[in-house]
Amino acid sequence: MTRHRHWLKTTLGLLLTAIMLFPVYWMINVSFTRPEHMRKSPPDWFPVDGTLDGYRTVLHDQLPYLGTSLFVGIGTVVLTVVVSAPAAYSLAKLNPRGGRALSFVLLVAQMIPGIIMAMGFYAIYLNLGLLNTVGGLIVADSTLAVPFAVLIFTTFMTGIPDEIMQAAKVDGAGPWRTFRSVVLPVSRNATITVSLFAFLWAWSDFVYASTLDSGGNQRPITLGIYHYIGNNNQEWNAIMATAVVASIPATILLVLAQRYVAAGVTSGAIKD
Amino acid sequence: MTAYLLAFFAYPLYRNLDLSLRDYTVRSFVQGGAPFTGWANYAKVLGDPAFGPALTHTVVFTVVSLTFQFVIGLALAVFFAKSFRLSATLRALFLVPWLLPLIVSASTWSWLLNSDSGVVNAALRMLGVDPVNWLTSPQWSLVSVIIANIWIGVPFNLVVLYSGLRSIPAQLYEAAQLDGANGWQQFWRVTFPLLRPVSAITLLLGLVYTLKVFDLIWIMTRGGPSDSSTTFATWSYRLSFGNLLPAFGPGAAVGNLLIVMALIAGLVYIRAQKRQYEP
Amino acid sequence: MKRKRNLVKGWAVKQTASRRRAVGVALVALVAAGALVACSSEDKTGASGDGGTYTIWDPYPQFDDSSNWVKLLNDCGSKAGVTVKRTAFDTSDLTSKTLLAAQQGNAPDVLIVDNPVISTLAEAGVLTTSDDIKLDTSAIDPNLLGAGQSGGKTFGIPIGANTLALYYNKTVLTAAGVDIASVKDWASLTAALAKVTAAGKKGITFSAIGTEEGSFQFLPWFWGSGANLTKLDSPEAVSALSLWTDWLKKGYAPNSVINNTQTTSWQEFATGQYAFAENGTWQLANAKKTGFEYGIIAVPGISGGTAAAPTGGEFVSVPVQKSTARYAVSQKLVACLTDTDNSLATTTTLSYIAPTAAVQAKQVAANPELKVWVDAVKAAKGRTGDNLGTKYPKISQPMWTAVQAALSGSASPQAALATAQTAAAAATK
């Protein structure tokens, strides 16, 4: 490929990303806007004569929430992978009894409305004393990602050639060792995908947080936003500013993770 | 794994069934003792004049969203698969919409599409086109929520399909190139067939998630005006929670109809999968 | 054989160690930071008392632990000799949260909740009556207390009240040559809107969103026409809906009202382009920040006079507990929250009008601007009053649906309200 085409692609990529992120830009724009200009017609394309009030409020109120959200997000990722990768491995390669039925149940499980799940959790947690704990929230958030994770892992693991598993077996590895030293490393792409979504879901979850953790001392940022949604009034610049502030650390994490993947995949190409 | 499933999914599923088969009032919801009424809630929902339009909207919303999400997601995945300067960073940035709490992204969309002060109408006016009442006219409200939903769904399709692409061995492309296949032929002969399992699961999951979407629609239009953007998911929510007086029974019944729709899709998927393995 | 083993090795990922370590360290650091921050945010509200912990739920998430509201809660707790644990919910969430908690026997000791919800919770058997816990409600204005009464029993005390009126922009009206004193009924209001629009400004903004908020905003016009909630398709009701529909058609009101919340509608007014906005007591503080001169008039009736606006605001109530021994303290907490001095402080914080004549007098003495609002609250009417109780939600939903249908042009006001009446009659049968 010529250098010229390279640049063409980068430009096109930048353009596509810009289109995709326009609503995000608009959110940033609103976060700087004074309340009296918010519904100006026609609207301002740039936050001229803006205000930093939204950010001042947010930095003052929201930083602790941010920490909790990160913690919950990463906890959810770990729990999801730990639960779903072995399950998917056995579904994909060990052909357990009722495996097909299980993946079917997983699919249906995802259709249960979040609020109904939350009501169920509320009853269980109240009895277990897990209400308003971060651990409880992590477990609840993992249920958002686990069915997805198992299905994705299964799809990818089914594609692993049987020969390499055979090879491991011949080398004297049991199913567990095969899983650890062959299947897991090979499933990097799937693992990263699953981790990404587990993190994103946990990060943006609202229903569970509000039902299970609203009385807790450590609340995630999605609940922090409710600071600015009073019963009669909403402070939109602060709401948008919260969303901006909240997405910065997570965006950095995503970009880092993506580079990590890119590097890993190139060095892990199949060689024969 | 089975224990995890039983503990966390079976109980809520049972609750939803139970809610839909009894005549719950707010009183019996709290105090217990709601009479068992069998299919009465379902009969009520099916006989509701809102049922027909809600079904149509659900199908249109799901099919249109899914098609565009998948096509755009696949195109972007293929585009990003060849690495170029900034490709990894830009791909990561595509996920930013998912970091935003839905209340924020949905509100931003209603901001953009506002009839009077929205930037979309401002742009249309600049181009000399008549502004459109995106969210407040029965003709456009469904279109508007579909556009927003496609925007939200593209990153999901992009990421899953992208990792699917990365799992296709590079030698196959080299071989195809040696055989003189051009880019387009490579896509149809190599990429597309090998991506089939991942595509199938992406579409299936996408279907399930799209059927479920309610907060986006709820925040943007409340399912209105006059039910023109009501889907089963928003209808279920409105029955159960969108009113001062919750109607849990019919709400759960509508929710279960959605589960049945997903079940059918799941069955189709499993049959298709079987056929793939037994040619 | 050998070949296969190579294959395995080839598949396994060879990752440069340093990069992996770097990202790993970053992740660990993040987790640690998260844990640290999470721990350091440990909540330390509430003076400790010996009487145990009492929970209070309120719909004021905008107030954090340093606010006067939370200080008041804690003070009332220490006076009663207990620790107060307060949780704030989004108002639309609070009903379902309370029902769920009550179902599991975990309801709070004191609940502050939006007034039309009281009848629903009372119906569910979640709330105690004022007889059970011996609350004195004699000083409360009867029209405000009405929303908390059902079947001859009282289920709570208003903590403060608000209602709707018309804010107007003096600059816009003067420029268009409208004298606000001429606006006395619907015809003169519409004439004023016509003048303002002709002068290149915008007429009026309100909220007609498809939720309870939309019904709340429509009710002053509905009641102002002489219509009654038991008959949604009366000619009076049709005239009210036609008024709104015509405003939209003629461009006196923006099309966005169909989707406006009361906040959005207020933001439109705050641009300084609109002559009128229908909005609530709680915007008074924001009105001062707009930078233009404003005034307030009551919503006019169809042929003059003041239309009854619906009452808004929250009620303090005491949910049913397994251990009735807790009521004694809960009663003290409620009495403390609603006593004269505290009521003045609370209503000032919330920008509400007090529910008792004594405190209202103090409010007006401190801020004469509130006079118009005190009068509006006195003329206001509870939504669940008229013995509607839990029938109100079943009427309100068809009503806001009809408003949306008519404004968006998918049905005529007459047809929309006829459909609404059929639906409401079927639901309240």
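Order as written gives the chain letters A, B and C; numbering starts at 1 within each chain.
Keep this in mind: a contact is a pair of C-beta atoms (placed from the backbone, for glycine too) under 8 Å apart; a residue touches a chain by one contact, two chains touch by 3 or more.
Keep in mind the model is a prediction, meaning the values are calculated, not measured.
In terms of inter-chain touching, the protein chains here all touch one another pairwise.
When you average the Cα atoms of each chain and compare centres, the chain farthest from chain A turns out to be C. In this assembly, the C-alpha centroid of chain A lies 17 Å from the C-alpha centroid of chain B. Per-chain CA centroids place chain B at a distance of 31 Å from chain C. In chain C, the residues that touch at least two other chains are 96, 268.
Residues of chain B found to touch two or more other chains are 114, 116-117, 241. Among all residues of chain A, those that touch two or more other chains are 38-41, 115, 119, 236, 257, 270, 272. Here chain A touches chain B in the complex through residues 1, 6-7, 9-10, 12-14, 16-17, 20-21, 23-24, 26-27, 30, 38-43, 45, 83, 86-87, 90, 100, 102, 104-113, 115-117, 119-121, 124, 139, 143, 146-148, 150-152, 155-156, 158-159, 189-190, 192-193, 196-197, 200, 203-204, 206, 221-222, 225, 236, 239-240, 242-243, 246-247, 250-251, 254-255, 257-259, 261-262, 265, 269-270, 272, going by the rule given at the top. The part of chain B that touches chain C in the complex is made up of residues 25-27, 29-31, 110, 114-117, 133, 135-138, 221-228, 241-246. Only residues 35-41, 61, 63-71, 74, 115, 119, 122-123, 126, 134, 163-164, 166-168, 170-171, 181-182, 185-186, 188, 210-211, 214-215, 217-218, 226-236, 249, 253, 256-257, 260, 263-264, 267-268, 270-272 of chain A touch chain C when the two sit together in their complex.
Put simply, chain C touches chain B in their complex at residues 95-96, 99, 102-103, 116-117, 120-121, 123-126, 209-212, 254-256, 258-259, 268, 390, 392-394, 396-397, 401, 404-405, 407-411, 416.
By the touch criterion stated above, chain B contacts chain A in their complex at residues 1-2, 4-5, 7-9, 11-13, 15-16, 19, 76, 79-80, 82-105, 107-109, 111-112, 114, 116-119, 122, 125, 151, 154, 156, 159-160, 163, 166-167, 169-171, 197-198, 201, 204-205, 208-209, 211-212, 214-215, 233, 236-237, 240-241, 252, 255, 258-259, 262-263, 266, 269-270.
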